[in-house]
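Note that the chains take the letters A, B, C and D in the order they are written out, and that residue 1 is the start of every chain.
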Amino acid sequence: MEDRHLATLLISCPDRRGLVAALAQVLSGHGANILDSDQHTDRNVGQFFQRIVFDTSDLTTDAHTLRSAINEVAERFGMTHRLVLASAPKKRMALFVSKYEHCLYDLLLRHQAGELNCEIPLIISNHSDLRRVAEQFGIAFFEFPKTKETKAEVEAQELRLLDENQVDVVVLARYMQILSSEFVSAFPGSVINIHHSFLPAFIGGKPYHQAHNRGVKLIGATAHYATAELDEGPIIEQDVVRVSHRDDVADLVRKGRDLEKIVLARAVRCHLDDRVLRYANKTVVFE
Amino acid sequence: MEDRHLATLLISCPDRRGLVAALAQVLSGHGANILDSDQHTDRNVGQFFQRIVFDTSDLTTDAHTLRSAINEVAERFGMTHRLVLASAPKKRMALFVSKYEHCLYDLLLRHQAGELNCEIPLIISNHSDLRRVAEQFGIAFFEFPKTKETKAEVEAQELRLLDENQVDVVVLARYMQILSSEFVSAFPGSVINIHHSFLPAFIGGKPYHQAHNRGVKLIGATAHYATAELDEGPIIEQDVVRVSHRDDVADLVRKGRDLEKIVLARAVRCHLDDRVLRYANKTVVFE
Amino acid sequence: MEDRHLATLLISCPDRRGLVAALAQVLSGHGANILDSDQHTDRNVGQFFQRIVFDTSDLTTDAHTLRSAINEVAERFGMTHRLVLASAPKKRMALFVSKYEHCLYDLLLRHQAGELNCEIPLIISNHSDLRRVAEQFGIAFFEFPKTKETKAEVEAQELRLLDENQVDVVVLARYMQILSSEFVSAFPGSVINIHHSFLPAFIGGKPYHQAHNRGVKLIGATAHYATAELDEGPIIEQDVVRVSHRDDVADLVRKGRDLEKIVLARAVRCHLDDRVLRYANKTVVFE
Amino acid sequence: MEDRHLATLLISCPDRRGLVAALAQVLSGHGANILDSDQHTDRNVGQFFQRIVFDTSDLTTDAHTLRSAINEVAERFGMTHRLVLASAPKKRMALFVSKYEHCLYDLLLRHQAGELNCEIPLIISNHSDLRRVAEQFGIAFFEFPKTKETKAEVEAQELRLLDENQVDVVVLARYMQILSSEFVSAFPGSVINIHHSFLPAFIGGKPYHQAHNRGVKLIGATAHYATAELDEGPIIEQDVVRVSHRDDVADLVRKGRDLEKIVLARAVRCHLDDRVLRYANKTVVFE
């Protein structure tokens, strides 16, 4: 079986009996072989989530017919669903950066190593500092300086550029600007941010300074979907590292860099692999 | 929905197409509502594993008919399977201990707190030291001193006692004796041991001393199924804790106690909840 | 060398040159042998901290003379200091509990195992539930129910009782009552609380519910010195454990129990071993 | 105080009374101000270790006189010691690589970010693959293919090259060749290797395959000083990451890359900062 025959189906709907069997049956009935299936029911809110990976190499129908049949089941059960065939073009990811290079380098190197299943058509920055990194990796770099006055106009330009490049996912890789809610809503559920604290602790600016002042014994990083409210979006991934009284703010920044890279990369990878479902300002992240 | 209507089905078989749909269909067809399903395919060896939790409160048939239908599918696909109804009696767990009390106390307190879904009819030891703990918790305590000469005979007595008490699971909670392969094979896949190292490092005696001599920077603990070969059985759970040059052997022992308790408790809990499947000297542990 | 000849000296003062040499010299000059010394300078605030452990078995003077000499150096450099001789009586620790038993059991078992260098003369609770645990360990148990109206009066009774028992340290082992600032200030720097979140996230009530609502991917526990402001005191120790969308509030509570126990025990142990120095709402915790 | 006035003194000797005071006194007597001091005594073997950082900006003598005075104390107490003035040239580090780029990129980026206090005059490889990375960072790259027959001769060439470049530290950043004991002994205590397992588990080749076969639940990485015996040298740093039955060997390799980078970087940083002391095939790593 080759990877180009893989398909992934993501489902979210109110929990109802017979759901799982109905889906298994429609897939099996069309010759799809279920390779992996993971599901979750949030009993508090009565919501059902499932991720199914199946092999389409022995389909008894064509992909179009299968899609129609899945749509029919989805409608019957009131499902929100997404079917991604491995033959579909890869997701296209834009990286937004400012002056810090560590997350940018990390994502580009992982992409180069084949860890991230996407294209990276462009990098956007409000500064010119990281143009050299973009050039090292042969990726287009666009500089869009912003001021309070020009922000709306510049964001409109950025959106046009993203649209021209058919971008699906925007990753804010330590982008030190707050995007407007208009911008964010142009990519619903597809703008990923890394915040350098263990959210909801230390929301807003200078979280390492805040952490140092509070005297915490661990610092964290949080990757989340950006929403209109700063640092309040659904959390995809978090991790922490131990610090002590010996660590001053510069040490927290240094230790935090490693955290930020790893946490953002894990979140991006999960998103690109269609492992994340959003609901109620939370995420289901299937392993 | 009450918990007494829950049922768990564990499956292991060679991977074949149609498996998942066939099971989903037989359950759905009898009115069972699948609440949770987790599966795994080891593509290297072509083996399929699944754990399904379903609600039986609206079965359109009785449990006996459902069981027969499942057996039929199982036979068709060459499945090894186990169906556990929540109405079935709880598993019965025997604890084997020597002189260390920390794992014993930990398991008894978790049991008391409702974390472990089992009965604990008895505690067996080769020493009398922990009788007082058994008494605190009102559990029968049996002392079986062992020598090289009496080992075979004493083990036979222990097996009779376990049999009389209808014991399903034996947990070696820092039991400082090696059980014979005859003993272990009387409880296939149901003797859980805690070894105080990160296996396969530091097999055998005095692993904290070995770790201290080697100068490691982390120490570990490993819960595994006991097999005929010492410390070689399938690993269920492992964890580590950081140590430094400041820690002497006594510190490793102290830090290790916390690890041993937590690792053993997690493994026992997974086993009792029918989350563990064995194959090829490994385990699949469904979350 | 026996442990009863050990002495610990804790120092905090504005950083000045010659400090370290002056102390080393006065100790050496009296025949004290420095076994362990750890120090820290917070350059932002210009504050110096040191912990020295030394052997007094070959003192050329008596302890009183040594103490005077240390006092003299301390005065010269404006030091706050504390000298603890191993021959001094052990610290006396009171445990405050409500209905949750896990932290209580954990501390009592560690005390029994020799991990905590203290006496535990009494347990105080606002409920009767845990009297049976106190009895198991042969420790006096006092029940002080509290209402808003009686709080001040009851706290006064509690303080008298603590005074009669010469208590040095108060540990709130999941005590579900807020102590008044009067009470806390009666034990300056010696009331240790465990809060079941990663502070400063989820301050106040029901932190596991808050964490579940926010959809975090890690939960934490924080041991800190209680101050007049709820959950704002200097942090001694923190740790986290991974959770996922599968974990409901009950799972967070269960996973959190293990965290709370370990984090509280580490903090208590550090405090009892005179490893913690407070300044600027932070702690220096020497290893 | 500027960093160029900092000095670091590392000491190892049999434990004797008066050591600490003698050193503090000689430093203080020459106008050195001790900023940080960390020490350790291994009571099992009676060995003492200390790391002192002091400020030389107000020395009452010159550095030469201070050095002589320290030498005198060192001789008196039988100390092995090393005095590093911040004004001394930076350590010179050579990187040995094969085909894997992740550790190489990681060290070069950290160096670029100012995390590693050293010069990197050259990169040596037995393959040409990573020449492009060396060029990106403007570092000389030397390719030395090796066969069993040419190994001795090629190593001699490498040693000459290292000597010409005044290299102090050799880091094997996933160098897939075993160095001869002659080579290793040319840099006593200064060849750092990263092994992709939690040593002493899975010594030798293909440790991720070994780990997968054994069914471990955590994988590790170990940075250690290379010695004549493969994977047996003193451990500087280790860490682990959780894996599950879902992870095949390729997943272990991917997860392991992050571990290897971080563990190696931490070890290299500690070595460059003169925080590591070796004894009895172990290390003391001062924080």
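Keep this in mind: a contact is a pair of C-beta atoms (placed from the backbone, for glycine too) under 8 Å apart; a residue touches a chain by one contact, two chains touch by 3 or more.
Please read all numbers here as calculations on a predicted model, not as lab measurements.
Asks: Any idea whether B-D or C-D has more C-beta pairs in contact?
Replies: Between the two chain pairs, B-D has more contacting C-beta pairs.
Asks: Copies chain A, chain D: same or different interface, half of numbers shared as the threshold?
Replies: Looking at both copies, the contact residues mostly coincide.
Asks: Averaged over CA atoms, how far is the centre of chain C from the centre of chain D? Could you give it in whole Å?
Replies: Centre separation, chain C to chain D: 37 Å.
Asks: Can you compute the centre-to-centre distance for chain B and chain D, using the mean CA position of each chain? Integer Å is fine.
Replies: The mean C-alpha positions of chain B and chain D differ by 42 Å.
Asks: Could you list which residues of chain B touch at least two other chains?
Replies: 40, 244, 246, 287
Asks: For the complex, which residues does chain A have touching chain C?
Replies: 40, 42-44, 49, 198-202, 214-218, 220, 234-240, 244-246, 248, 280-285
Asks: Please output the residues of chain C touching chain B within their complex, sorted ascending.
Replies: Interface residues on the chain C side: 101-102, 105, 109, 113, 115, 136, 244, 246, 254, 257-258, 262, 287.
Asks: Along chain C, where are the residues that touch chain D in the complex?
Replies: Checking each residue of chain C against chain D gives 17-22, 24-25, 27-29, 33-41, 55, 58, 287.
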